[in-house]
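Shared between the two complexes below is chain A, which has chain B as its partner in the first and chain C in the second.
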Partner chain A sequence: MRKFFNKNPYLMFLLPGIIVYSVFVVYPILSAGYISFFQWNGYGPKEYVGLQNYKDLFTNSNLMSQLGNALKNCLTIFFLSVIIMMPIQIIMAYTIHSKARGSSFFQVAVFSPQFISTPVIVFIFTLLFDGSFGIVNKVLRETGFGNLARPWMGIPEYGIYVIWFMMTWAGMGVGMVYFIGAMKMISGEMIESAYVDGAGFWKRLWYIVIPQIKGTIFNLILTSYIISMTIFDFNYILGGSGGGISGSVDTLALMFYRTAFGENSPLGGKVSVNAMGMGTTIACVLFLMVFVVAICQIVLMFRTKKED
Partner chain B sequence: MQKKQGIMAGFFKIFMWIYSLATFAILLYLVYNSLRPRNDFLSNTFGKPESLGVQSYARLITQDHFFRYFFNSVIILTVSLVLLILISSITAYGIARFTFPLKRLVRVFFLIGMMFPVQLSVVPLFLMMNNVKLVDNLLSVILISSAGISLPVFMLTNFFEKLPKEIYESAIMDGAGEWTTFFRIMFPIASPVVMSVCITTSVGIWNQFFLPLIFLKSDSNKTVPLLVTKYTGNLLRNVDMSMAVSVLSTIPILILFIIFSNRIIEGVTEGAVKG
Partner chain C sequence: MKMKKIKMMTLTVTLTALLMACGSKPAADSGAASGTDSAAQTQDNTQNSVKEDKEDKEVTLTVWGEEGQQALYADAFAEINEAFEKQNPGIKINYQWSGSFDSLTVAVQTDSLPDVFFSQGNKNTSMSEMAANGYLLPLNEYITDTSRFPEDAYDYATVDDVIYCSLPAFFDYAVVFYNVDTFDKYELAVPKTWDEFLDVCKVLQDNGELPMAYGGNGWLDRYWLIGAMAPAYMESEMVTWNEGAEISDYSNVRECFEDYRAFLDAGYAGTDYAASDMASAQLSFANGQGAMIVDGTWNKGLYENMNVGCFPIPGKDGKGYSQTGPSQSLTYSASAKTTEPEAVGKYLAFLSSEEAEQIMFDHVPSIPIVDGITITDPVIAAAAEYDVIGQNLFGVLSFAGNENSQPADLFTNDVLPKLMTGEYTVDEALDLFRQELEK
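Entry: the complex of A and B
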């Protein structure tokens, strides 16, 4: 044994990692793929059904409409993040990068919500947007827009936007800090000469800064896709495992959770005869949707590393 | 040199002030209202408070055992973090330092974990933990959290690869064994990267909701985020407790963050640039 390790010292370093990682990360993934070929409720006997679970998922109209609705909600969050949140992050990062007065204060303030746990963030938003004791309605009434006041958190149509808003407030800082990091790599001379040429704010941003942080932008778009597809916490806390009123805040991860662990509580409540089989099937479909994008990201990671 | 930045830059500066001040104002509002009795807050939200006091906090700590939840969170965080750092730095060093067959494949192998949402593996993990009787045991969450080494291994491998070979060779010449070299010399050198790994992963582990929700059942094993949902689930009855628990679980960490903000933000940026 000792001799073996002396001969191959790398194994001594690799083995602990490989074992832990295989048991808790790789094995469960393979196992989930395996279970998705069975009809199984989690404790009784398993029955091999081949691709039947996948067929059911895409042909059963109830499952299909749940899946479509969940997917639509996930994509809504993704598009809002890319179209609205990311430009704000870039502008914030640029403002801080150009050393506006108060920059370090901005950085701390924008990053802070990152340290607040999801249930507390949902609660803070309730304090702001609740129908009866929310600040927003109070402000609307005081300023003469009383007819706009409404129970923001309780209206199904707004649900997914409320979720997005919470996520954005919580996650704004991380992306921003990444952009600041990328902007630090831009040579000062380039920006300096742009000032001399009299380029305005938008021109400097569009022609000088954006092209230099393309890699970071692309990487964060991919990350934000993965986060949007797998989002669970906010939706579960706001809408329960049912995904809110008529599925208004339902997501793929919630649908999986509900199917595998039952509607009421984890491993309690009503669990169907095929809870685990269908649950893992949904998880595998979710994985396939993330996989394609994740591959791009990994390729990108290796590429940027080589450029160093 | 006075730079002319233009109207837009000025506009965004004002926007940043409003955004930043609003964030702190919201937190102060939370702290202020946590000192009010429940009925006073619900019926007279924006009026002059009847009285201010720490009665919610007292109940939270004495009757509702806040610190039990808090210590569960602390135990999960510290043990997971120590294990995760230990495993990932040893693995990363092994990959970066030695040449061996299939090295590229091993690197990709350790990245796989990043593209799989934890939801995918939670059913098999639950069955596994059930078999070894670790459901409703902190150890289940600890083990799973500390196995999430994909990103840390990637970042640390990049770091170790860039180290000059001479450091290693001179250590071996002085007669140090492989492990001594690693723990006495290599690991300390990597401490900046280890720091930034610690920061990014600890926030995630501390605030994680999904794994504890599934694996921790009894109140004596639950973590702080789960305690928060216990109160926020019924706001009309528990709005005062919700505020107290929110403040107690948030403000100390935010104060720590503000004190160390320079180092923390630097760490995250480093991780982003190097990772």
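Entry: the complex of A and C
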């Protein structure tokens, strides 16, 4: 053993991290995977059912429709984030990086919502958009457009977009800071020569900056994917564990939550015979969805780096 | 060299201790790894928190109150706990508003239940599941006098004649609260039949008032109206489902669905009910923007600053219908692993005492089901004027479910919201509902 560690001394440095990671990350994941092979209500004895929970999840029409709807909502948030939010973050980051007038104030202002917790963010938006006391509706009524006043936060058709908008408002600054960090790594001379050659703001951004921050863009796409697939808090606050009317704001994490823990109700109810078994099955499927994409993206990124 | 050995040994011991700490299995063979955050949180509140202060022999009991009801019951429990501590100088109550269904489930799986925690009795199967698996302390030894309580209350607290939670002393249900000033303005009387109820709504609507503030956005929010209507339309069907039998004639269920839909189609709940939640509806009603609201008697306090009255929802037969449901305000269970069963027993016996009931009633007036408490609040007195105690639709559907069907979930998450928004016709909603119940 000593010989082995003498030959590979770096393992001694890695070992504590690996052990802590295994205990706090790998073990819970494997344990959840283990429970997913059982029928279990969370209280009594477990009954081994093999892959039956997975089979049920993908063959039961009700579960499948919930899963499909939740996945659709998660992907909607992801695509909106990548297509709309990310370009705005890059532009804002470059504006700040270019030291435009007032950029420091702008940076703080955009980043500050990050310090606000989710319930408070929802409350702020409620103050703005509530049907009875929201400022937006008050303005509409005062200006003669009272017929347009609506409880905007709760309209089922807009639900997932409202969630995305609040997430974007709160998280805009984080991605922006990452991009600013990446832009700081770009050689100033390169930008200056492009400037001297007559490249304007947009050309410099498109031809110089974006190719140089490709790695960060990849990383943030992956992060957005993980956040979108695992989002819970905004949706729970706005739509409850049921995920809103017709699952308008349902997500995979919410589906796991209501399956595993049921819908809390002062009216009582019945503990599902397979609450924990099916709940952990959903959690494992969600984990695989994130894990596989993350691995693909990391491989792709390494290949791109190698080619570069 | 020696130093190296010492360092290696220290590292090995530390890592072994860490692994042992994380790898310890709960007694209940849970293996619950998915709720790591909650588990970590709940572990802080284990039965170990029952500490005996060696100096003055004081016992501290950790009690988990119902997280979602803190605003409602906080004052009452502050007074109840104070009174209990006064009578039992050696026992301190560490009352935390951290009990939720999730935290209790995780606590069970991690073997870290607090000494005492809120319970829904037989309204939920979790008490019987916990009892069957040995997590609960039997209380017959401590709660000895149950003669004051009606049979329903006793059934609520027992599994196979063993008491597992303090007994409920109150009854609450969803009534129709109404704005007395608005009713007076249009000279409206409290309706005695469903048709009179619709007439009242029509008059209010014709006068530009919103007859009913209704929050349809949350699954429980949208439930209250049809939950209140259900006993008036399909009581016998619900009794049949409750007995585990099937029904062949769904005409009463259809009528209930049709009248619910017709009520909404008539605009009596306005136009934006699907986008409003219960809090919005309550706010609207409290601010005079809705003449009525279907809400629980326990929420009467929300409307204290207005001139409010209430009535049980009227059926077509002219009877006022309530829905069964002992109040869980005072019902608490105890962990079988508490190190202080005597103190726990005293506390739960106190919660089942007239003194605790009176304190609760003074703070949150409800309909008493035990003798010795007189209703003085006119609104609660009106709520107690029901003719029929009907079934609780959600409870009935929950218990009608089996391995293959979950009618309560289907009803609240699919049938009802889509019936409400018109996405399903009454026929479609009924077919789905029926199929699930017949699985």
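Basically, the second predicted complex is superposed on the first by the 253 of 308 C-alpha atoms of A that agree within 3 Å, B and C clash if a C-alpha of one lies under 4 Å from a C-alpha of the other, contacts with A are read in each partner's own complex, and residues count from 1 in each chain.
Operating definition for what follows: contacts are C-beta pairs under 8 Å (C-beta built on N, C-alpha and C of every residue); 3 or more make two chains touch, one makes a residue touch a chain.
Quick caveat, the model's predicted, so the values are computed rather than measured.
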- line: So, after the overlay on chain A, do chain B and chain C clash or fit? They clash
Touching partner for A:V23 - first (chain B), second (chain C), both, neither: both
- prompt: What is the contact status of A:G102 with respect to chain B (first) and chain C (second): first, second, both, or neither?
  reply: first
Task: In the overlay, answer first, second, both or neither for which of chain B and chain C A:A260 touches.
output: both
Query: Is A:G200 in contact with chain B, with chain C, with both, or with neither (first, second, both, neither)?
result: first
- prompt: After superposition on the shared chain, which partner residues are touched by A:G244: those of chain B (first), chain C (second), both, or neither?
  reply: second
- prompt: Of chain B and chain C, which one contacts the greater number of residues in chain A?
  reply: B
Message: With both complexes superposed on chain A, which partner does A:G42 reach: first (chain B), second (chain C), both or neither?
response: both
- prompt: Which of these chain B stretches, 115-123, 169-177, 241-249 or 259-267, gets into chain C when the structures are overlaid?
  reply: 115-123
Message: Give me the intersection of chain A's contacts with chain B and its contacts with chain C, in residue numbers.
response: 16, 20, 23-24, 27-29, 31-32, 35, 42, 132-133, 260-261, 266, 276, 279-280, 283
Query: Taking the complex as given, what residues does chain C use to touch chain A?
result: 11, 15, 18-19, 22-23, 28-34, 36, 68-69, 100-102, 105, 108-109, 120, 122-126, 129-130, 132-133, 135, 216-220, 223, 227, 272, 274-277, 280, 283-284, 287, 289, 296, 325, 328, 392, 394-395, 398-399, 401, 403, 406, 408-410, 412-414, 417-418, 420-421, 423
Field: Interfacial residue positions of chain A with respect to chain B in the complex
entry: 8-14, 16-18, 20-21, 23-29, 31-32, 35, 42, 91-92, 94-96, 98, 100-102, 104-120, 122-124, 126-128, 132-133, 135, 138, 169, 174, 177-178, 180-182, 184-185, 195, 200-202, 216, 226, 229-230, 232-233, 236-237, 253, 256-257, 260-261, 266, 276, 279-280, 283-284, 286-287, 290-291, 294-295, 297-298, 301, 305
Message: Under the definition above, what is the set of chain B residues touching chain A in their complex?
response: 3-9, 12-13, 16-17, 19-21, 23-24, 26-27, 29-30, 33, 41-42, 45-46, 87-88, 90-91, 93-95, 97-100, 106, 108-125, 127-128, 143-144, 146-150, 153-154, 158, 178, 182, 203, 206-207, 209-210, 213-214, 224-225, 228-229, 232, 235, 239, 242-243, 246, 249-250, 253-254, 257-258, 261-262, 265, 268-270, 272-273, 275
Statement: Within the complex, chain C is touched by chain A residues 16, 19-20, 23-24, 27-32, 34-35, 41-46, 62, 130-133, 150-156, 239-247, 260-274, 276, 279-280, 283
